[in-house]
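Okay, got some structures for you below.
There are two complexes below, and they share chain A, which is joined by chain B in the first and by chain C in the second.
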Partner chain A sequence: MASRSKLSGIQRQVLALYRGFLRTARLKSPEERHRIESVVSAEFRENARNIDRKNFVYIEYLLRRGKKQLEQLKDPDITGLSTLEINKVYKPLNLK
Partner chain B sequence: MAAAALRPAILRRIRLSPSPAAAAGAAAASQPHALARWLARPMSSHDAHLTRDEVVDRLLDVLKCHPKVDPSKVSPEAHFEKDLGLDSLDTVEVVMAIEEEFKLEIPDQEADKIDSLPLAIEYVANHPMAA
Partner chain C sequence: MAHSLAAAASSFSPPAARRRLPGQVTNVISRRSSVSFNSQRISFMSIRSRPSQLRFKICCSAKKETVDKVCNIVKTQLALPEGTAVTGESKFSELGADSLDTVEIVMGLEEEFNITVDETSAQDIATVQDAANLIEKLVLEKAA
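This part shows the complex of A and B:
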């Protein structure tokens, strides 16, 4: 049984972060969970479409930012969406 | 499943007795192993371990329910990316859905390897705690 072609280290980190968000969303109320999943899914997919996979510096930056957002989201008192929305304001110049 | 078959009889005996403790004792004395297995069921799925067919059926259902999967393409041999057209983020979602279906938590390193139904079937069928 051939397994998937080896994921690069940075790919594994991205998938682990995505999985972390989905896991944390599961602990919220159904309505919050649905909103979190929608926002997170859209943002990961937008980044996957728009960011050059060789732009390691920016990807590392996004991973660090994402991990901070995930830690905040784990706080049961935080709905999380406002944090996610606020951080979307920043758009680097090289993004089209 | 012998324990499940005996359950109505045990319940009847317990319910009708004016002294539930004595009834439970009597049942235990006459069928100690059956009662022990029945009492253990809420806490353990070991003696009700999933059959492979059950695992396959439920996994197929999980895949067919995913919004990006064409149900007509789902088969026990399907590869998530090559056959079902999913990307790696979709695959994360599918593996998370499998976790929820079988009440498992799959560690990241294991989850990263599950990219097809055959691998998912092997993982769940071999997992002692899958429920």
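This part shows the complex of A and C:
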């Protein structure tokens, strides 16, 4: 029996996208995978902290953008984080 | 997106206490009321001794080995301090996991046990025991 409230549809979409990134990261080299996971995790968490959960228009925009980025990342020829667009709205992530 | 989880209160009459696994830690986190957590790590001031184990479902209990593996993965994933009490009854939300953390835990479990958890099933996982039960079910299905 579920002991937590049901996630809304848009919440499920966000989690599905996050999971999609983690799955795709597995297909990359170990070093690259670690970097992708760090960047993706940080960005999702930053958005979770900063975005009003009722700002559906913006959230849906981010979901669409995220799905495009994920599709790009799935390309086997793409091996680098340079394909991940850093969200300019917030302070850029500090990548080494 | 929500990064806080509400743990719904559920009223039920638990069946008689089930056998305690040898060596199992008896201190568990127990909360009865509806609570809401943010993504901050929760202090363990609320840890208290609970004389019997409660189970939400009547179903075959996962092997201790599976539960232990799940506990270890959860500890690693959430970077819990050594000595943190994680048992089959531990709820991810009470260990400080938000929904993103839970996704990561499930992904980690998939790799460890070489299974795939569909999203519907993943949503129903709230405790270590839930995860262990689902894992053994999936492993059996895969072997079939």
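Following the convention adopted for this analysis, the second predicted complex is superposed on the first by the 80 of 96 C-alpha atoms of A that agree within 3 Å, B and C clash if a C-alpha of one lies under 4 Å from a C-alpha of the other, contacts with A are read in each partner's own complex, and residues count from 1 in each chain.
Keep this in mind: a residue touches a chain if its C-beta (ideal position, glycine included) is under 8 Å from a C-beta of that chain, and two chains touch if they have at least 3 such contacts.
Small disclaimer: the values here were computed from a predicted structure and weren't measured.
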When chain B and chain C are modelled together on chain A, clash or fit: clash
Which superposed partner A:N47 touches (first chain B, second chain C, both, neither): second
Partner, of chain C and chain B, that touches more residues belonging to chain A: C
Touching partner for A:I59 - first (chain B), second (chain C), both, neither: second
First, second, both or neither for A:R23, with chain B first and chain C second: both
Chain B versus chain C as contact partner of A:L15, first or second or both or neither: both
Partner chain in contact with A:L7 - chain B first, chain C second, else both or neither: both
Superposition clash, chain B versus chain C, among 7-15, 25-33 or 61-69: 61-69
Touching both chain B and chain C, residues of chain A: 1, 3-4, 7, 11-12, 15-16, 18-19, 22-23, 26, 41, 44-45, 48
Residues of chain A touching chain B in the complex: 1, 3-4, 7, 11-12, 15-16, 18-19, 22-23, 26, 41, 44-45, 48
Chain A-touching residues of chain B, taken from the complex the two chains share: 81, 87-89, 92-93, 95-96, 100, 108, 111-113, 115-116, 118-119, 122
In the complex with chain A, residue positions of chain C that touch it: 1-3, 5-8, 10, 39, 56-57, 91, 93, 98-100, 103-104, 106-107, 111, 119, 123-124, 126-127
In the complex with chain C, residue positions of chain A that touch it: 1-5, 7-8, 10-12, 14-16, 18-19, 22-23, 26, 41, 44-45, 47-49, 51, 53, 59
